[in-house]
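Below is one structure; the comments refer to it alone.
The first chain written gets the first letter, and so on, giving A, B, C and D; residue counts start at 1 in each chain.
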Amino acid sequence: MLEFDIQDADLQPDQWRQELMDPACGGYVSFEGWVRDNNEGQRVLRLEYQAYAALALKEGRRILDEAQQKFPISHAKCVHRVGALDIGGMAVWVGVSGGHRDECFRACRYIIDEVKHRVPVWKKEHYVGGDSGWVNCEACAGEH
Amino acid sequence: MLEFDIQDADLQPDQWRQELMDPACGGYVSFEGWVRDNNEGQRVLRLEYQAYAALALKEGRRILDEAQQKFPISHAKCVHRVGALDIGGMAVWVGVSGGHRDECFRACRYIIDEVKHRVPVWKKEHYVGGDSGWVNCEACAGEH
Amino acid sequence: MKTVHIEYFAVLRECAGRDTEAVSTAAETPRQLYAELAARHHFPALQSIKVALNDEFSDMSAALKDGDTVVFIPPVAGG
Amino acid sequence: MKTVHIEYFAVLRECAGRDTEAVSTAAETPRQLYAELAARHHFPALQSIKVALNDEFSDMSAALKDGDTVVFIPPVAGG
């Protein structure tokens, strides 16, 4: 099973973890991205995620396919949240199961690294003090 | 928070995951070791784990301390199951939270690798056909 | 002149003040089109803008066709 | 002669047919004690046996003292 999704409701890792269970699997690795209360020295109040869904779903699926080609895993799933998130909220979840732990760790890391670089999702940080900015958009941070 | 434990009841990762939550943390990585239905070409029916608890608890705690010294993580917890486990059962759980994903992945991997090599826990595999053997004990496998 | 359908996201959506628009343009490439739109909507200078044509990654030098859906992609920041 | 308290785990527990025993021995080191017990209980040949004295990892050449708790550790296999 390889599945990439985007949703604007809270993520449900407990449920998805069960979808990855398989009697042939000895290892399971998961990653969760949580909204931190700080980023690059600024106090963050909340985040807002926006996705270009049509392309994000294709690119996310390609990343999962690549992970399965590179590493002998059995199942992988990744779901990205969009919309408003408070501190502590879960922005992204990745789960991987496979025969042994080595491929699970490598594949999980590969998936989240690639998702962060390639999947068209953007986040806007709202800071203590009222400022806000789109992350990775240095020319415009603080303007909006 | 750094905590290592051994228990003979089913592991409860959902509960422990919440103990690792922290508004300063942006990443969370967990590993679960599941009982596979096969090992080195043999069909496995079930497993039995035994621990030398007094020393295992000390050594497990040392491993968590080392992980926190090597990587800038915030919290880590590891719990190992003992007793009888069926296929699909969870034998060990590791959870790590920290500021960023890199240190969480590295620390989680470090912890499970060291636990598997250093913590005095043994497993006996029961195979289809009635044989059984203590894993990593080649001289005696199949004898008992 | 061709007509292209544009979808905006993130900082570009904020600058443009809209999610989508249909534009009549003489631009031959996404690069030319971006320059045109950046002037009109006062987009910030973005060193590494990417583009998708019809929901697939493309090239800023690709040939724009009448009826294309165009999405300019500022640096992403998921997770 | 000294008396040591021994705890058995895993394959050693199965061979010895017991969890613990108190042994009177002239052995000076865990290595000597292991040879004595292996002969008595028909332990399998274990290339990489380790030892803990009083619940801390120790050395097979350490000095055994009267009253020590001794645990021989076959290759571990957790997770």
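Going forward, a contact is a pair of C-beta atoms (placed from the backbone, for glycine too) under 8 Å apart; a residue touches a chain by one contact, two chains touch by 3 or more.
Bear in mind that the values here come from a model prediction, so they are computed numbers and not experimental data.
Enquirer: What are the chains that subunit A and subunit D both touch?
Expert: Joint contacts, listed by label: B.
Enquirer: Shortest hop count from subunit A to subunit C along touching chains?
Expert: Each step joins two touching chains, and the minimum needed here is 1.
Enquirer: Could you put a whole-Å number on the gap between the CA centroids of subunit C and subunit D?
Expert: 73
Enquirer: Between subunit A and subunit B, tell me the centre distance in angstrom, where each centre is the average of that chain's C-alpha atoms.
Expert: 25
Enquirer: Just give me the whole-number Å value for how far the CA centre of subunit B lies from that of subunit C.
Expert: About 50 Å, centre to centre.
Enquirer: Touching at least two other chains at once: which residues of subunit A meet that condition?
Expert: 33, 101, 112
Enquirer: I need the residues of subunit D touching at least two other chains; which ones are they?
Expert: Within subunit D, the residues that touch at least two other chains are 79.
Enquirer: Which of the chains touch, listed as pairs?
Expert: Those chain pairs which touch are A-B, A-C, B-D.
Enquirer: Touching subunit C in the complex: which residues of subunit A?
Expert: 33, 49-52, 54-55, 58-59, 80, 91-92, 112, 115-124, 134-137, 139-140, 143-144
Enquirer: Residues of subunit A touching subunit B in their complex?
Expert: Against subunit B, the touching part of subunit A is residues 14, 21, 23-38, 87-88, 97, 99, 101, 104-105, 108-109, 112.
Enquirer: Can you list the subunit C residues touching subunit A in their complex?
Expert: 7, 9-11, 13-14, 44-47, 52, 55-57, 71, 73-79
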